[in-house]
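In the two complexes that follow, chain A is the common piece, with chain B as its partner first and chain C second.
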Partner chain A sequence: MYVAVKGGERAIDNAHAWLAEERRGDLGVAELSIAQIREQLALAVNRVMAEGSLYDPDLAALAIKQARGDLIEAVFLIRAYRTTLPRFGASHPVDTAAMACDRRISATFKDLPGGQILGPTFDYTHRLLDFALAAEGLAPEAAPQAEASGGAVPHVTGFLAREDLIQPDPDGPATPRDLTREPLDFPADRPLRLQALTRGDEGFVLSMAYSTQRGYGKNHPFVGELRIGTVPVEMDIPELGFSIDIGEVVLTECETVNQFTGSKSEPPQFTRGYGLVFGQTERKAISMALVDRALRWEELGEDNSGAPAQDVEFVLYHADNVQATGFLEHIKLPHYVDFQSELELIRRLRAEAMQATRKEAAE
Partner chain B sequence: MSDYNFAYLDEQTKRMIRRAILKGVAVPGYQVPFASREMPMPYGWGTGGVQVTAACLTPEDTLKVIDQGADDTTNAVSIRKFFEKTADVAVTEKTAEATIIQTRHRIPEVTLTEDQILVYQVPMPEPLRFLEPSEVETRKMHALQDYGLMHVKLYEDIARHGEIATAYSYPVMVEDRYVMSPSPIPKFDNPKLESAALQLFGAGREQRIYAVPPFTKVVSLDFDDYPFDPSKAPHPCALCAAEDSYLDEVITDDQGTRMFVCSDTDFCADRRAAQEGEAA
Partner chain C sequence: MSDTDPNAARRARLSTLAKAPADRLKALWSAHSPEPPAHQVLRAPEIGTVMVRGRAGAVGASFNLGEMTVTRCSVRLASGTVGHGHVQGRDREAARAAALIDALAEDGQGAALEAAILSPLRAEDAARKAGRAARAAATKVEFFTMVRGD
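Right after this comes the complex of A and B.
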């Protein structure tokens, strides 16, 4: 006698218990602390903060621990938490010109006011596995220290703007639309596109940017400037009647300078691509700037070459990894009913096709 | 779960969703954009349905959750548990006892009443999506009631296969105005879309809500000479002998032996209980 499988509830409970055990791993190995993840896996923490759209290194570290290092799962945990938080208000726009830079480089000028600051980068490391790291308990040698110059670090694009060589950034709406509070709607203006890109999946945005470099919507980018550092976040407090700093965030900002020979509507000049991402996330910020520039084809009067990176619906609808992974993975949920209806359809169509073939053969 | 509001979502969010639902009811079959929230379950697991259910639930409600027609599929169990935990509402497996039924891929066999709400989980709300990938374009097509592309697709199916080769998510015309996806229910269920119950459709990832109010005209797309045919497996249920219910095909041994049983587990169990009652 056939009895339908029951016990979904117990299966789920048991699966969760097993998962918790697997997450912890071998009890003989010391447990990872949130502080260790925050300090020693900082770039993973940064990615989770950026794509989770929530600046909180401790919560991001907790999410990474809970997700067993699956960063998209960690982003999802942060997003699901974030959406429940009340909103007290909005900060002033941060002033990245006033950033305390850990790193600031320009690929377009050899030297410039504020200087080139290499900062803590992998750029010139030789990618040789450092087996010394396998031996625990060794602190690295202290890096040399110097006094901060304290001088201003003006934006590189400002120098080009003084000569009118770069297109000015037109003022956007005073209050941009909020992607997390309104449904995505087209046409999507630049602030909305930038929001989608900054929380978009790093891999997706990277590949889209890479595709423009290889000729699918080519836009000749130079990294005018890449800067990473700390900016204060300022907010008006109605009870006080003035604004105060409520904290600071680390940001990565990338401004690309793109060759532009002019179009019907615009004179020859350089144009901009812009990337701004939470934390030290420079691969993402550069990618974002390239994709931003590619998506601006319409306002600059450029041709649409049909490249994926120029298709705003394509980019914006597919950049979000929480949406993408959910829909992708949902196909492992039961689909017996749809499959059954397909099964019956295919059997019927096949029977008809076979019959027709037999009839032809007989004739 | 005392940290969370009744049925998880905060009241402002529920209000936003209820507005979308009301608009959907006012314009049957029209996809209303709404600011879907990230839920604590993944997109694709029914976040749209869960948000609609959360916005409709009251403490007096009795909730039933089914997936593939069954109450005991893992995701149905998980969603039912979610609302037990966050809303503390009564739950049931009995279709007739439920005031709200959240479903994935099926409409219950038992005829629903005016006192019930059926909430569908919808993966792809746009019936025209696989004909036209751009949302800007499909919204325009709906606005202009420009459904020629869909009719051409159905015609091409008939030309190639001798019938319309769509077995689930079979498109319908609602109140002579909007072409609508009924979500991936088998086309066997399509006739039940004309119902006394309020039917609400939630697509979380795609940020759309739409509705079929009670007693709304819902017609499965077809041609006069190729009328719509809600087909099913040509068998009775092996457990309750029903001849008019949708059947799952179950493989029972490695020789490929198959049996067909009701997909609606509550319907099947009810019939078997009645048969045992008669026998005793």
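Right after this comes the complex of A and C.
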């Protein structure tokens, strides 16, 4: 229990003034602009958009600046802002097969229509600090260009589906449940789980995914495909009576191909895990696909090995870093009355214990 | 979008305006129409969100991926023609410009607006996309198989 404590207003105001000064840092160093953060710290911006559940790079950049680079604090700011906005509606489901891909790789097929496109990746870099970046004012060399085929880049799982080698993904309700509009309730169907995972904390989802790889709910994933690129977002406009593209978003999608399921009546088929995340967020999308697959144990008729990543309540209740931070950090707020009663209790218990000891010694 | 869709032209126009960078849209609009035409605001520019949905496994059940910011505005010209503007992001003036462009195009000025605003926006978008596609193409892996000498 905490009680209202008055006082401290001036201290709070002064603390916030100091915070603003510390945020700005040394005045001899140029101030960061929102555009600089958006352009040059794009992956931080992407993470804040994904976990803040709001696609708006400028807002995410502002939140990062305000939060002094604390990304969970920035996510919190974005979530709070989002609640002040009316929602105009929902889009048609995005068509990721039509994505303009910056990157598209498959770990399952070497030669595939559309090819393996590496894109602007950290992969194959040597992870050696590049001190050239410390010298400012150097423009990078122009990236080489080649003729784009313009051909379709079909999903890898589509090839497997054509031969019936992978389980189909059945359609679901037209209006999926929405975590941001109703409290989290169980049983949680797959659409609800996917929403929770895509906005979940990257570190948490990564650790859960890693735990499945290390044997806690193992599901033998192959990255069937990973793609990053831009898709249009289409929405019906009631006053027009037809749909338009309302904008474009960059997404990262990961489809895993996992080991078989089968039964006496059905021959074995590969199974699927799925990750789809705002922005260029590769680690998160792969993690999401692995955790999605682990959480599907029940519908796929697998054993629950008791692994954390198979426990839907554990995963969904702990994936949200804003909720987690709120509960964790509330314990630093005044608990004076609570603690006073604890103090009284421990003093009384100690007094009783010492009295008993003295009595024993006297007998 | 079929060729027989009576709304195809308007849909293409509104989609181009929605996806255009707000600064470019406003610049082209004010160059074309330094004095905005007389109009009544039916819905003042309003910032809101649209819930973006995806599909499990790209083809299955739809789920809520997260929201995006959108600004919308509706206007009526003196002639009575109504225009609706929607733009991605939070730029009220861009939404108003989109609504006015839509209304004027519905009012018979489509060809002039196409030349002055929509066509440049589409060309710039195509150039941006082509630039990314060309860079992506340069990172395409060309596999070759090592022949083992026995």
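A few remarks follow.
Quick note on the criterion: the second predicted complex is superposed on the first by the 334 of 363 C-alpha atoms of A that agree within 3 Å, B and C clash if a C-alpha of one lies under 4 Å from a C-alpha of the other, contacts with A are read in each partner's own complex, and residues count from 1 in each chain.
Methods note: a contact is a pair of C-beta atoms (placed from the backbone, for glycine too) under 8 Å apart; a residue touches a chain by one contact, two chains touch by 3 or more.
The shown structure was predicted, so the numbers you read here are calculated from the model rather than taken from an experiment.
In the overlay built on the shared chain, the residue A:Thr83 is in contact with chain B alone; chain C does not reach it.
In the superposition on chain A, contact is made by A:Leu343 with chain B only, not with chain C.
Between chain B and chain C, it is C that contacts the larger number of residues in chain A. Of the two partner chains, chain C is the only one touched by A:Pro176; chain B is not. Once the two complexes are laid over each other on the shared chain, residue contacts for A:Pro308 go to neither chain B nor chain C.
Contacts of A:Gly69 after superposition: neither chain B nor chain C is touched.
With both structures placed on the common chain, the touch criterion links A:Asp185 to chain B but leaves chain C unconnected.
In the superposition on chain A, A:Gln195 makes contact with chain C only, while chain B stays out of contact range. Looking at chain A, you'll find residues 82, 86, 180 touch chain B in one structure and chain C in the other. Residues of chain B touching chain A in their complex: 4, 10, 33-40, 42-45, 47, 67-70, 72-78, 81, 105-106, 123, 133-136, 161-163, 165, 167-169, 184-188, 205, 207-208, 231-233, 238-239, 246-250, 252, 259, 261, 263, 265.
Those residues of chain A lying in contact with chain B across their complex are 2, 4-9, 11-12, 76, 79-80, 82-84, 86, 180-187, 313, 317, 322-323, 325-331, 333-338, 340-345, 348-349, 352. By the touch criterion stated above, chain A contacts chain C in their complex at residues 49-50, 53-56, 58-59, 82, 85-94, 96-97, 100-103, 110-111, 115-120, 143-150, 155, 157, 168-174, 176-180, 189-192, 194-195, 198-199, 230, 232-233, 235, 237, 239-249, 251, 253, 255, 272, 274, 276, 278.
Contact residues of chain C toward chain A in the complex are 5, 7, 10-11, 14-15, 18-19, 46-70, 72, 74, 84, 86-90, 129-141, 143.
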